[in-house]
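What follows is a set of structures for review.
In what follows, chain A forms one complex with chain B and a second complex with chain C.
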Partner chain A sequence: MDNTKLLHALHNLQEVFVEKESELTALDREIGDGDHGVNMKRGFNAVKDKVAEGSTEDILKQTGMTLMSSIGGASGPLYGFSFVKMSEVAKDEIDAENLKQLIDVFAQTVSSKGKVTGGEKTMYDVISNAEKVLEESGRLKLEDLQKLADDTEDMIATKGRAAYFKEKSKGTIDPGAQSAVYILNAFDLEEE
Partner chain B sequence: MTEILIISHSEDIASGTKALIEQMAEGVTVHASGGVNGGIGTNIGQIDHMLSEVKSDTICFFDIGSSLMNLEMAVEMYEGDHNIHIANAPVVEGSFLAAVEISIGTDIDNIMDKLSEMVK
Partner chain C sequence: MKKLINEREQFVSDMLSGLKYSDPKIEIIEGSVVVRKHRKESGVALVSGGGSGHEPAHAGYVAEGMLDAAVCGEVFTSPTPDKVLDAIKHVDNGDGVLLIVKNYAGDVMNFDMAKEMAEAAGHKVETVVVSDDISIENPEMRRGVAGTVLVHKYAGYLSDKKQSLPQIKGEVEKMMTSLFSIGMALHPCMVPTTGEYGFDLGDDEMEIGIGIHGEKGIYRQKAETVDKITDRLLNELFKYNDNKNLILMINGMGATPLSELYIVTKNVIEAMEDKGIRVTKLFVGDYMTALDMQGFSLTVLSHDDHIVSALNAPTESTHF
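Presenting the complex of A and B:
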């Protein structure tokens, strides 16, 4: 994946989050404050408007800075800061090996800044396990990533606003885990 | 002289704490910001902006939820020349103690120790 393909994939997330807004809103209404759908849409609208051509590193950094400044709550800064950190290890041409490094940095950043480990019903459950998906299939396919988000359905939230819902958080997929599916899928290296 | 930075979810808490400190410890520089778009919240941009204005080593205070996360990210991305410390102490009591200590010339490491004592 070169810089042009990456920019295209990130711009395309704008359409994805417009389409998925009501899905994310519905999940977040169950176990949060219901603003995750509109936040993600706002964030990637801004990415489409503001992030322009540049090197792979530039594009990731610009995306990160844009997300940090345009999405409220915890998820925007976490995604945004992760993109900034990923830009520091990205190569001009993202190959399978480099992608593994990027996902690793993504997971580490979310873990250290969000103070999460696994199994707490958060976006981290998808991001940290995406590495395994990548190792097994060489891809970041939507259906494989979706299984990781589905795994959060039965978890009980102990982090973020969902933690206030305790046992009641069971039975709903974590909205952050769901949005992480779409973001990671944008990095899927298609078969040539 | 050491400066103080306050990030709160509420504009009123930020400006109120700043006013309190400035009255009790005159001459201490306090950067304070709170709320987002007239509502409740914090974002990295407002912390970046405050950090760009500090002229000395600075102790930062935060309130609830994601303010710490945003503060940590802003400090990690800070490229200025000063040392930026994050204090775990409660925002009002902690920043007040820090301001009084700054005004009597206590060095920053000592102040950070005293702030850690507060939350033991």
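Presenting the complex of A and C:
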């Protein structure tokens, strides 16, 4: 994946989040405050508007800064800072090996900024397991990533607003896990 | 959805434009940061903020005697670090800046990042995190709700008394050890940016332990008469604060008629009197709302002469 393809994939997330706004809102209404869809849409609208051509590193960094200053909430700094951190390890041409590094950095950043580990019903459960998906299939296919988000359905939240509901958070996919599926899928090497 | 809005994306900016007309002593910088028109020349500057939808919090408390800046995020969404940084840069007069943050993951993260950036640029910045909502058992996870407004006022007074940044932080943290709140809703709020209710509640149900973002409460059950509801909430509060002299705030959630808030007040005060508790300072009104939610929250704080003088001290905020 070169810089042009990466920019295209990130710009394309704008359409994805417009389409998925109500899905994310519905999940967030169950175990959060119902605004995750709107926030992600606003973030990637800004990415489409502001992130212009550049090196792979530039594009990731610009995307991070844009997300940080437009999403808000907890997802803003988590996604924003992760893209900035990923820009530091990205190669001009992202191959499978480099993608693995990017996912590693993504997971580490979310873990340290969000003070989160696995099984807490958050976006981290998708991001930290995406590496396995990549190893098994060499891809970041939507249906494989979706399984990781689906796994959060039965978890009991201990981080984020969903944690206020304790056992009652069971039965709903974590909205952050769901948005992480779409973001990671943008890095799928075979995807146009 | 029926709402008095134009484009839903313009909700916050339209609201802030209106606020500016109604309060000639503020101005809006960088699109969403409300500051005093006349900057304080000395004394610790106070910056708070959070998602919008809690009006008059926080922008309504930007006034002499209270805040120096309020950073207004999107509806129920923490503001971003760049805006918090803009606020810090604008208000810092060299005596340092205190960030008053409500304990939500997003708010804490965004204000923390802004603090790091501001410190790198040479500003002295400290943070106090308000977490007064006892409907969350785990103290580390407790949300910041209506008690935050009392923190704004107390810190504003201390700053006017020219206390230093570490002194104010210390005093406020001491005060917060006896500051507890709990809320309830009869009707959820309609979130104008999504066109959805924050949660669904049957006509005959109520939700106990709601936060101020339209998030669901801790448990729900059939609605009761107000005396039973106030007893329910007071019993929770007394587990955390059994002081016999209390400062009390009865806060409307946005769409509760003042008449009903007064009925709540009657029941709360009488129940407290029965237990031999004296209310030394009482606040009744909409201080920290959740859009058009119907319901109320109770906040108690142990009496302290110094704190009561601070709360009684003049402020130019028309909302306190």
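We adopt the following convention: the second predicted complex is superposed on the first by the 190 of 192 C-alpha atoms of A that agree within 3 Å, B and C clash if a C-alpha of one lies under 4 Å from a C-alpha of the other, contacts with A are read in each partner's own complex, and residues count from 1 in each chain.
We adopt the following convention: contacts are C-beta pairs under 8 Å (C-beta built on N, C-alpha and C of every residue); 3 or more make two chains touch, one makes a residue touch a chain.
Bear in mind that the values here come from a model prediction, so they are computed numbers and not experimental data.
Three-chain overlay on chain A, with chain B and chain C in a clash.
When the two complexes are overlaid on their common chain A, residue A:Pro175 makes contact with neither chain B nor chain C. When the two complexes are overlaid on their common chain A, residue A:Tyr164 makes contact with chain C while staying clear of chain B. After overlaying the two complexes on the shared chain, residue contacts for A:Lys113 are found with chain B and with chain C alike.
By the document's definition of touching, of the two partners only chain C reaches A:Gly37; chain B does not.
More residues of chain A lie in contact with C than with the other chain of the pair chain B and chain C.
By the touch criterion stated above, A:Pro77 is placed in contact with chain B and with chain C alike. Shared-chain residue A:Ser69: touches chain B and chain C both. The residues of chain A shared by its contacts with chain B and with chain C are 68-69, 72-74, 77-78, 81, 113-114. Listing the residues of chain A that touch chain B in their complex gives 68-69, 72-74, 77-78, 80-81, 84, 113-115.
Residues 25, 29, 32-35, 37-39, 42, 68-78, 81, 113-114, 159-161, 163-165, 168 of chain A touch chain C in their complex. Chain B makes touch with chain A in their complex at residues 36, 41, 43-45, 65-66, 69-70, 72-73, 77.
Of all residues in chain C, only 9, 51, 73-83, 104-106, 109-110, 113, 135-136, 141, 143, 191, 193-194, 196-199, 211, 213-216, 218 touch chain A in the complex they form.
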